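Quick notes on the structure that follows.
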Amino acid sequence: MQHEETIPYLIWDLLITLSATLVALFIPLELVLGVYEHPALVYADGMITLLFFADIFLNFRRPLTIKRRVIRNPRVLARHYLKRWFIIDLLAAIPFSLLFEITPLLLLRLSKLARVMHLMHQWRQSKVHSLAIIRLVSFIFWLGLTAHWLACGWLALRGIPANATRSTSYLGALYWCVTTLTTVGYGDVTPSTPVEMVYTMLVMILGVAVYGYVIGNVANLLTNLDLAKAHYLANMERISTFLNYRHVPLTLQRRVYDYYAYLWENRLGYDESSVLAELPTSLRTEVSLVLKRDFIHKVPFFQGASQDLIRDIALELQPVIFIPRDYVCRAGEIGHQMYFISHGTVEVVSADGETIYATLTDGDFFGEIALLHSQPRTASIRALDYCDLYALNKETFERVLGHYPDFAKHVHEMAQKRRESRQ
Amino acid sequence: MQHEETIPYLIWDLLITLSATLVALFIPLELVLGVYEHPALVYADGMITLLFFADIFLNFRRPLTIKRRVIRNPRVLARHYLKRWFIIDLLAAIPFSLLFEITPLLLLRLSKLARVMHLMHQWRQSKVHSLAIIRLVSFIFWLGLTAHWLACGWLALRGIPANATRSTSYLGALYWCVTTLTTVGYGDVTPSTPVEMVYTMLVMILGVAVYGYVIGNVANLLTNLDLAKAHYLANMERISTFLNYRHVPLTLQRRVYDYYAYLWENRLGYDESSVLAELPTSLRTEVSLVLKRDFIHKVPFFQGASQDLIRDIALELQPVIFIPRDYVCRAGEIGHQMYFISHGTVEVVSADGETIYATLTDGDFFGEIALLHSQPRTASIRALDYCDLYALNKETFERVLGHYPDFAKHVHEMAQKRRESRQ
Amino acid sequence: MQHEETIPYLIWDLLITLSATLVALFIPLELVLGVYEHPALVYADGMITLLFFADIFLNFRRPLTIKRRVIRNPRVLARHYLKRWFIIDLLAAIPFSLLFEITPLLLLRLSKLARVMHLMHQWRQSKVHSLAIIRLVSFIFWLGLTAHWLACGWLALRGIPANATRSTSYLGALYWCVTTLTTVGYGDVTPSTPVEMVYTMLVMILGVAVYGYVIGNVANLLTNLDLAKAHYLANMERISTFLNYRHVPLTLQRRVYDYYAYLWENRLGYDESSVLAELPTSLRTEVSLVLKRDFIHKVPFFQGASQDLIRDIALELQPVIFIPRDYVCRAGEIGHQMYFISHGTVEVVSADGETIYATLTDGDFFGEIALLHSQPRTASIRALDYCDLYALNKETFERVLGHYPDFAKHVHEMAQKRRESRQ
Amino acid sequence: MQHEETIPYLIWDLLITLSATLVALFIPLELVLGVYEHPALVYADGMITLLFFADIFLNFRRPLTIKRRVIRNPRVLARHYLKRWFIIDLLAAIPFSLLFEITPLLLLRLSKLARVMHLMHQWRQSKVHSLAIIRLVSFIFWLGLTAHWLACGWLALRGIPANATRSTSYLGALYWCVTTLTTVGYGDVTPSTPVEMVYTMLVMILGVAVYGYVIGNVANLLTNLDLAKAHYLANMERISTFLNYRHVPLTLQRRVYDYYAYLWENRLGYDESSVLAELPTSLRTEVSLVLKRDFIHKVPFFQGASQDLIRDIALELQPVIFIPRDYVCRAGEIGHQMYFISHGTVEVVSADGETIYATLTDGDFFGEIALLHSQPRTASIRALDYCDLYALNKETFERVLGHYPDFAKHVHEMAQKRRESRQ
């Protein structure tokens, strides 16, 4: 959604997130267990210093999107960056602990996590789908980091047992931490000094909050997961209660349910008209055109029509649904609408429903004769399966014909031919 | 809802689900404890191989419903099946472990669970009622399997204690697993090696997720359980707050509540008109006819009427409710509606409400005289209990009479007779 | 809500509930610990037998409400009872354990709990308020019974320790049960045999379900607790976001919030018109009359009016709200409405707002002159505090005057006098 | 929201809350551990006695807001206070324990907590934002106090171990209490006597309730946190489902999403018109004026207009949105509206869209010529970016001109000049 979020920037952000995460994992370990003796980690630390400095230089020139406008002016970008993230990024980049040879200064590096938090927030903002899942993932990320820090804290309080390696003592601390946070509490590792007791209490209380958050999120997720289906089901239940209360026969009930199931499966219960109505004029025109142009073009009738006419017609077509065996119109009725078949099959039948003159399907149209002459329908039209039709009103049709006299003539000729071929 | 879900197919699907479940239960046991020495299980394994092969052959020819159309074309069915499930079903059917004499190949059989998952998903999709309960049941199914696998994993890590039988060691492992998943955590069985610790942590974290899911579902279930009643109660509270705030006397308040309670108990607060309005024309006509035909036929007045007339009338009747002691109409007023009694009892009384001329009940009608002549009502009509009436508007009535001249004459005669009998 | 729920029946039902509860508590204890040696309990058992038989006889004659009609016909009542509850009640009443001297037959008494369940369900149905709390209470009742039974089961499995009294062993079992159900799981009491392990697992799983239910209910309760306030706050947030986004000055914002706070505090945000619109005509008339009659009667203007006129006026008055310092109407404007002050104070001021002619308050009316002559307002009216007024439209006013010629004359004279006194 | 909540009163209330909290913390400690030997605490007790008496005297005169009216009449205030809080405050203020030398009488002081509860309730009532967070904070406050009291109770039951100081025994008791309430239940501290068991069971059950409350609140908080965003996302999903189902091309889909994203980011999806429609007339006028005055004044056209005219215009302007590349109006069309640019940029282009005559931005207006003469638009107007315009209808425009003849003349001259400059 944001213009600056091109792929290279995204990869760079992921790289920064990854390295900040590594820093967040290794610094507490270094402070508690002194893991930095290992040359690979010293090397990695150097790399990260470089990376963080590169990030600072990049941020001075990186375009920003504010209020849907991309800002590329370097001066504005620099001022924006200096005012917000520069100092934090600098604190994270400069290797203070090497400069002053004080290990706890490593903690300043953790300030880069603020940046990670900001990036995650941005991703969450720009996403439209599966927000709850993104929230859960970012929650698990932070919870994992927290559990790691808590385990390191426990190690710092307890010290490393005499007969244990560094890795097993860390594992033990993490095990204690998870046991407590998940409220399982085996009781095989328990605090023994007052300080440890206070620490344990804090972890326990944090555990309750974590639980609350997890459960709240899952409940939220489940609620939203099938919100659309839940609405559909609630509506079905409403109808089913009513039909049962009024003793409507089961076969008729089944047809009603079938109709709603069709609506649900094919459009998820959402109405084309209501979606279009919300859009501003220009978008409404374009979407209408896209939806209806394809089958308007299939109609021989409209093949000589101008683009403007097709747009006008597209905006005026109303979606209607017929269920199997429904009569769209009956022979003898005075018609007021013509129909385009968007999806489905209909039969042209005689007034008594016995003789089938023709079968029409996607892209066909019918009912135009009655519109021209206000004479009764010459045949009945019966839906064979669920039919999505577009209806064109007589009034609209006449208005459109009025605007396009050439096309009116063409239509007139077509209708004449058709009538002759049927008689 | 789906045509291919006939009873035999349903039984077959249940059989497949059952055997896949058995496979999922016994394979891990076999791998950890070596239970397949038992001849019954070897025998069952053979049966399941046959069953799974039979399922493959069946699936090549089994009709499918896609987008509400049943597909029976064998070629289309075969192609559809080959593209989707064939390989998975084959992996589950072929007894690789016997062929290659490698026990862990038994795990390939578990691929059949993917099929079970798909079946469950289908059932859930096609059900309209009690979705949350179905979700809970399928959740318990998978949770049970997971707990079983976790227990087997624990056994595999720990080994069987020297002084324990296979069944008690399995029971012990399951006990540990349940204790941990439910976060009870007695602490009488705790991990002792680093690998066990990691395993335990994973189980604990799974336990939190399980909790979240259970609680989220239960909360969801409870919310939806009485959603309809909750809406009713919220409305009652709204009204009660208003009436109390405005100091409406308690007796009048009680009558208002009584009215809403009647609506709730008899129609669950759902309005006939709104349900009908949502339906497409043909269904609306049929439902209207079913609802109103019965008592229209009871009316002597309509007994000579054509089916078309009754359909037209049925579509036009508006449901109205009167509460006990309400006047439906008063003597002397100019009437604009006739009424059919759908349910309830009314009294025909004199203008002063003293003399009772008649009592009318289900299937009776009244008020037709004023409609014909625009003269004042000759008597008052008072509801004796809660009355569900259908009202027929003068305008509609006249339009209907206009369409059916024969019937208009019949009505005229009837009204004349009635007036004479009352004078 | 139900006619048969008179106080004596309610007390009887409570008595039955209480004794069934006692039975449910003592029977498992008797079976596990043999408490019936105590003469008081044997005595109580006799009493309960009598009570349960009395309940059977009572139920044959107790009136029922079905579909809002009270049934008192003894034959119908007896048939209804015989078909539904008679056998269950009989099983609970007959002291089988004494007759056959088999203690476990005592369990048959527990069938009376089905009746308790039914009574609780009925109470829940008939209550309109605090449904969630009633559900929680009944849940705690059943959970308490379940915990008791689970503790008795644990005792039965474990037996009474050698050095413990019956009461301390029961307490220990209950303690274990609560520890496990609440998932605390200290681990100071743990299962030692396979049967106990299976029993423990069942209790743990029940604990998870209990948790889910408690939390789901609490979440539900909290959600519904302030649903009305939540809607109010959501609306306020919507407005506040808009006003802030558009930089509306804080003093004006505060006035807008104040207006909504007034609406909220005085009517809970519910609109009089919408509540009235939902009611059937007769109730609407009566409620309107009650709401507006009091202050209509205060108006000297209406004191000679007939009851019919006041009813007509009451139905037509529209509630309107003015905020402090608002002008209800301004001198020189052509007025189209007269106003009745339902609640609040207004000032009659000169066109320039300087001179205050009069102060009007609850029960006063103004604006009637302009209605009669279509001449400009002779003075401005300014609200002093939040004012609930009822407005009467010129058109309505004229229609009412048309129906009541005598009253029209009276109004005319009044208006004339007033105009003179002001000039 | 309440007039008496001025800063000094707020500070006083905080002081009272703080001292009542201290009292609630130290009194149980004194009763269990006898901490009052320490002179600082005795001194603090004296101070609190004074403070509580001062609070009583203050409350006699402190103004109250009841139903949005401030009450300052000392007699009414005194009566109100005597009837409600006087006795409770007196019980808390009088140092009974010193008077009668009975330490448990200290507990009477805790009655002041009722006052704290009332204050918290008031704060919660008067707050509009972040209600759930306030509820959580007050919940944590009460939970903290409860945990403290439970720990003191546990200490009282257990007594102080021989080898422990008072502070470590209190810490141990609190540790036990937190372990149990959070359902972690290590099992390193367990009850040993029956009384302790009962106490433990109560704490465990309280723990479940606490959990339910925490989780219910968190779930509630999460649900409400992004309710607005959830609605937005649900709508987006609805639209996205529809567009995908109908195979609308991705580029057009992206434009539709972009439009909604713009709406969301700039107005949070709330419509100006709907917010204004809810307000009473006077507020609607003022807010309209504030929103539209600024840019109306920028328009040279309106600079000579009277305040009344600008108010009338402001009320009639309708907000409309155009998306980038939309045509607001096209050359040759008969125009019916003039537009004010509230935010955005438009181009005045030739009929073929090639030549750009001018670029208009915030505060500019266009389209007034067509309104005056009903002649076709002389140029097309195309949106360059998302444009918030206000449209003024021809009908409204003419009505406004009719009311202000002087201004009508001025407008006429302006339009004439402009047309000349363009030709």
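Chains: A, B, C and D, in written order; residue numbering restarts at 1 for each.
Note that in this section a residue touches a chain if its C-beta (ideal position, glycine included) is under 8 Å from a C-beta of that chain, and two chains touch if they have at least 3 such contacts.
Computed from a predicted model, the values in this text were never measured in an experiment.
Taking CA atoms, the transformation carrying chain A onto chain D includes a rotation by 90°, reported to the nearest 5. Chain pair A-B has a twin interface among A-C, B-D or A-D; that twin, with over half of the contact pairs alike by residue number, is A-D.
If each chain is reduced to the centroid of its CA atoms, chain C and chain D end up 28 Å from each other.
Chain centres here are Cα averages; for chain B and chain D they lie 39 Å apart.
Shown for chain A are the residues that touch two or more other chains, namely 183-187, 211, 215, 217, 219-220, 223, 266.
Residue ranges of chain D in contact with chain B, taken from their complex: 183-187, 215, 219.
By the touch criterion stated above, chain D contacts chain C in their complex at residues 1, 67-69, 128-129, 131, 180, 183-187, 190-191, 194, 197-198, 200-201, 204-205, 207-209, 211-213, 215-217, 219-220, 223-224, 227-228, 266-268, 270, 272, 275, 278-283, 286-287, 290-291.
Put simply, chain B touches chain C in their complex at residues 168, 171-172, 174-175, 178-179, 182-188, 210-211, 214-215, 217-223, 226, 229-230, 233-234, 236-243, 245-246, 248-249, 252, 255-257, 259, 261-262, 265-266, 321-323, 325-327, 385-386.
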